[in-house]
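Common to both upcoming complexes is subunit A, partnered first by subunit B, then by subunit C.
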Partner chain A sequence: MWRYIVRRIFLQGIPVLLGFTFVLYFVITIAPGSPVTHLRGLPNIDEETIARRAEQLGITEPFPVQYVKWLGRVLRGDLGRSFDSSRRPVAELILERMPATILLSLCSILLGWGVGIPAGILSARRQYSFLDYMITFLAFVGISAPSFFIGLLLLYVFAAKLNVLPAGGFFLAGEPRTFLGYVQYLLLPSLTLGLGNIAGIARYMRSSLLEVLGQDFLRTARAKGLSDNLVVYKHALRNALLPILTLMGFTIPSIFSGAVIVENIFAWPGLGSLAVQAVNERNYPVIMGINLMFAVLIFLGSLIADVSYALADPRIRYE
Partner chain B sequence: MILIVLLAEVFPKPAIIYEEVMSVKKLMLFVVTLALLCSAAAFAQDPVPGGTFRYALTTNPRGMFNPILHTEVYDSYITSVVFDGLIYIDEQLEPKPKIAKDWTISEDGLSITFHLHEGIKFHDGVELTSKDVEYTYKTILHPEYTGVRYGDFSVLVGAEDYHNGLSQEVPGIEVLDDYTIKFTTSEPFAPLLSQFTYGILPSHLLAHIPVGELEQADFNQHPIGSGPFKFVEFLTDQHVLLEANEDYFLGRPLIDTLVFQRVAEDALPIYIQQGRVDYAEISPEQYLEVQSIPGVDVYVYEALSYNYICFNMRQPRFADPVVRQAITYGFDRETYVQVLREGFGIVANAPIPTASWAFTTEGINEYPYNPQLAAQMLAEAGWKPGPDGILEKEGMRLEFEFLVPEGTRVNEQMALLFQQNMAELGIKVNLVFMEFSAAVDRVDARQFDTFTMGWSLSVDPDPYGIWHSTSPWNDPGFYNQRSDELLELGRRETDPEKRKEIYAQWQQLINYELPTMFLSYGVTIAAVSERVQGIDTEPGPLGPLVSLEKLAQIWLAQ
Partner chain C sequence: MGKFWRRFCRNKLALAGLIVLVWFVLSALFAPQLAPDDPNRADLRQRNQPPSREHPLGTDDMGRDILSRTLYGGRISLAVGLVSAGISLTIGVFLGALAGFCGGVVDTVIMRLADVFYSFPFLILAITISAIFGPSIYNTMIILGILSWPGPARLLRAEFLKFKTTDFVAAATALGARPARIMFRHILPNAFSPLLVSATLEVAAAILSEAGLSFLGLGVPPPAPSWGNMLNRARPLHILSRMPWMWIPPGLAVFGVVLSINFVGDGLRDALDPRQEQSSPLGSQAAD
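Entry: the complex of A and B
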């Protein structure tokens, strides 16, 4: 097992990350627009100042030179400084927003599991009932509706009309940071972010459980006179959860990329607005930093999924 | 009763008395005493100190709270209350004394001498002197300076040599004594005075840092200035918190706490409704919704901005002014402003906004929508429909690309209206929607036929930077000797009346030439809670808070 993990990291992870950063850096440098474009609108700015700025930022050098310099810094643990006027270290910009993004993502993952799995079980146990159709219908809505639409809808209903939850954002300056407060601020964004996830998990859970329920060993269990609940929750569920476990690893990337959009709608103080701003301004070091971090997280997510798969199913062995 | 009238006259605009700070203080004292004397009668006018004022920001500041280094408007909000400049710009767009209690301009118009208030203290208790002013402006000129303000002060004597590392001194900046500093230019430069608004930095905290590394200094995230508010904390994407400066030399602000609160743009109306913010700039789409909220006043005021459609005059087909004029006659800009912009804007015919003192209507052709006239002008100029109905002349063809930065609905609708209006004249417009940065790239490379964008302008109306032949921002490629002469004259003329006359002539010229078709002057919409007292209720282009000048004087009704 350990050999497998080490091999995965060194033979697969690192080459993939290297290739990814190379392609990404190449794409953002050939994209039209430059990191100094937005300076153009400033009053009384002269061309020389803009040219000087471009030189200070190091963007006058050819792409390979820029990339190798960037990579060299990253290998020494330095993500560089942001191209915007603050010139703050990229690592600092990411770290101060990271907790909020992780908090939001965790909540929406928990929500996805906490609601999706029971919904899937209910749906499977009462196959073709009204409840099943309702859950199936809602799941399709959840999967198909874009998050910005759901987000705005929730804001409109719960904040504007009913006035029971805050309209996005985070604690006001001076507002006491209570547990209830966190729940209030987190509820709408994590619901928006988690909705697709809830729906997906519910659907997977339903089909996976139905498949297991039809198998011989469960008929045997029932024939032995075990109660229905015992059959489902002790024998069927453990087997049915297996594919869902794999799903977990692969939802991590979609949760993080979804967070970027949801955070912008709700003015959530995470990485979302930084990421969008960085792309609009061609802030290379910030774009690279955020994407590198996401890439690492996604790689780790799929690794954990594979490993947990092996742990959960004794038949699977990685060598 | 006379007392009350007097009170009402004096109180709402304490800022109009500025010449002597002591007199402001005395007057305030007088007013407060008056208010106490007849507090029963003047219930609505009693200034109440205390409370938290929340200003909504839809974008997070970058955390560059250094007045000579930031480039984003939201960072400038923080620096403008933490730092004070030599002067400030009032609601009439006039320079008014701040750290400088007054100034003298030499007879030849070449030098400005500022006399500073004595005893102004930075937030750490150290006194502000002309050394700090010198440090601030010399840093802007320094060869390793990383900011973008050099162009504002490159006219100072010796600035260029110093900037290029050829000399160690700037003769154009002279410290005469601790409270007197003199700036000299090599030729008269009228816009200069209004540029001395940048906050003065504490040299005792910064002078030891090499100028090239200043942008990485911790100071920029923990600024110490001499302004009405002290910086307390900046929580990324959440808020910036500031507290009243008890020792402020113009008197302690009435509010205790000032918060710049980050709010999602779409959530602004709800935040305003719930009273979670006291002040917000809103979009025209939000106007109706916000206006109906009880307890909130909405102000619409002209901004110092305009938008336009630029012709690439380097192309022969756009070289004839008749073509540009005809296209302008042929575009229904009234519908654009009244319908697409829902009335939030003013049709523009020259590049100096209505809000500026240099604005004129004299001799300005308004180019009212007139497709018949447009068609006739084109026909008279020799443009004839080709086989496909599109106008042609001597191998030139009126079919062109129209580059539109995407993202704003109004712009996209305008482009469609333009395309439709032009089709009626036999002109084919091919729309190209493009992300903003990419569009700017095309414009900079001069790879465009026509495009639309906008300009935000400084307080001084000097159009030289955008319109002179030598300007890099002269996107249409407008090279006109008379225009250049007028622009050069305009910056050199220090008599405001004569200057106004020069700019009137220039506007008439540009209004005839139309290197770009002017679309509309912008407006800004501000929503303000009614509990906020002491704002400018008939706002000029700087808004109800006169930029943020009024924050030091407003108070909150219970």
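Entry: the complex of A and C
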């Protein structure tokens, strides 16, 4: 197992991350306009000052040199400084925002499992019943629902009309961090972010359980007189849940994508709203840092998913 | 064709989806005839008006007619969806066919590249590139097209692997057909069914992504109306809570189009592949 993990990191993770950062850095470098272009329009500034500024930012060197230097600094844990007036270290900005994004993503993944799995089980156990039709229909709705519209709708109903939940944000300064407070702030954003996930997992769970229920060993279990509940929950469910674990690796990128939109709707102080802000300010060090951070998180997520799959199913052996 | 149509109609939701979809496409095509007003004409005396006889869906914060903007927005949203799905399918078909047919190093390189694209939060990359090159309708089409080729590529690769070892390919090779001819004249037509289903779903995904990008202000830039940027304008809390006519129509439009395309895709999957067991009550295999 350890050999597999090490191989995954060195043979897949690192090449993918290197390739990804190289391409992104290249795209940013060839982009029209540079971080000093806007200085040309200012009064009382001569070409010499602009050139000096460009030199300071290290953007006069050829692209490969810039990239290698950037990579060297990243390996030492230095992601550079933000381009905006605060000039704060990028690593600090990211660490400050990361917990909120991870909390939100975890909640919506848990919501996806907590609601999606029971819904899928119900659907499969009563195949072709009215309930099954309803769940399958709702799953289609959940997969098609645009998060930005659902988010606005939830805000409209629960924050503006009923006034029972906060209209976004995450704990005002000085507000005591109670459990109820967490629930209130997290409920709408994680529901919006988790909706597609709930629907996807319900659909997947249904077909996975139906497939297992059709297998011979379950006919044997039934034939020897086990009750229906025992057959489903003790014998079938464990096997049907396995593919759901692999699904987790695939859902992580889409959860982070969704977080960008959801964090913006609900003014959630996470990486997604930082990303949009940085992108609008053309704040390249922050953009690179966030992209790198997401790439690492996603790689780790898929690694954890695959490893837990192997741990859960003794038949799986990664050599 | 008749048989295909009968099978498609058996899936009631797919049929309903098709009808709704045709309705949306027609209203986008005939937007100039249907719209009560010029979508970009601002009337500052008529700002923030609720629905009335003159403006059936009300006006926005610049006094523009919401119904007209929703109709014209449909043109842009559907066009972006179709073009970017076209781009991603073209790239995906070409690379997927190459990977599946050639195998070896070509296959490894293409599929690793697909992994890189697949394992990344699509939207973050899209907003980054869009901000760098400046948001515009054409950039949105290109970005969405280029970022979503791995899906169709994986599908095509699997199909090519399946057909590569068949007798008719061996026969074509024996007759001296060149590889390009075998790939595109002999194998590709066999992969038509799954490709069509994947194409419908690509269009739905592209429409959703365009609306998401425009919602963040990094897709279709105003004043051109798109469903996403109409929703973007409605984000301030006073508009959200007191003027729902500004954001409910474009939101419902995105929702309706995507839902109906997904239903149609589901129906197509059943109708094109009768061998598949019908496990879902809507007539589809649930797992994607």
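Brief remarks on what is shown
Quick note on the criterion: the second predicted complex is superposed on the first by the 288 of 319 C-alpha atoms of A that agree within 3 Å, B and C clash if a C-alpha of one lies under 4 Å from a C-alpha of the other, contacts with A are read in each partner's own complex, and residues count from 1 in each chain.
As a convention for this text, a contact is a pair of C-beta atoms (placed from the backbone, for glycine too) under 8 Å apart; a residue touches a chain by one contact, two chains touch by 3 or more.
Please read all numbers here as calculations on a predicted model, not as lab measurements.
Of the two partner chains, subunit C is the only one touched by A:Ser208; subunit B is not.
Applying the stated contact rule after C-alpha superposition, one finds that A:Leu152 touches each of subunit B and subunit C. When both complexes are overlaid on chain A, the residue A:Val260 reaches subunit C alone and has no touch with subunit B.
Residue contacts after overlaying the shared chain place A:Ala236 against neither subunit B nor subunit C. In the superposition on chain A, A:Phe20 makes contact with subunit C only, not with subunit B.
When both complexes are overlaid on chain A, the residue A:Arg282 reaches subunit B and subunit C alike. After overlaying the two complexes on the shared chain, residue contacts for A:Ser144 are found with subunit C alone; subunit B is out of touch. Once the two complexes are laid over each other on the shared chain, residue contacts for A:Ala167 go to subunit B and to subunit C alike.
Of the two partner chains placed by the overlay, only subunit C lies in contact with A:Ile298; subunit B stays clear of it. Within subunit A, the residues touching subunit B in one complex and subunit C in the other are 31-32, 152, 155, 159-160, 167, 264-265, 280, 282.
For subunit B in complex with subunit A, the residues that touch the partner chain are 52, 54, 58-60, 62-64, 69-72, 75, 146-152, 154, 195, 215-216, 220-221, 235-239, 241, 257, 259, 261-264, 266-267, 269-271, 273-274, 276, 435-438, 440-442, 444, 455-458, 465, 472-473. On the subunit A side of its complex with subunit C, the touching residues are 12, 15-16, 19-20, 24, 27-28, 31-32, 127-128, 132-133, 136-137, 139-141, 143-149, 152-153, 155-156, 159-161, 167, 203-204, 206-208, 210, 243, 253-254, 256-258, 260-261, 264-265, 272, 275-276, 279-280, 282, 287, 290-291, 294-295, 298-299, 302. Subunit A contributes residues 31-34, 37-47, 49, 53, 56, 81, 84-88, 93, 96-97, 100, 152, 155, 159-160, 163, 166-174, 264-270, 273-274, 277, 280-282 to its touches with subunit B in the complex.
Within the complex, the subunit C residues that touch subunit A are 13, 112, 115-116, 118-125, 127-134, 204, 208, 211-212, 215-218, 228, 231, 234-235, 237, 240-241, 244, 247, 251-252, 254-255, 258-259, 262-263, 266, 279-282, 285-288.
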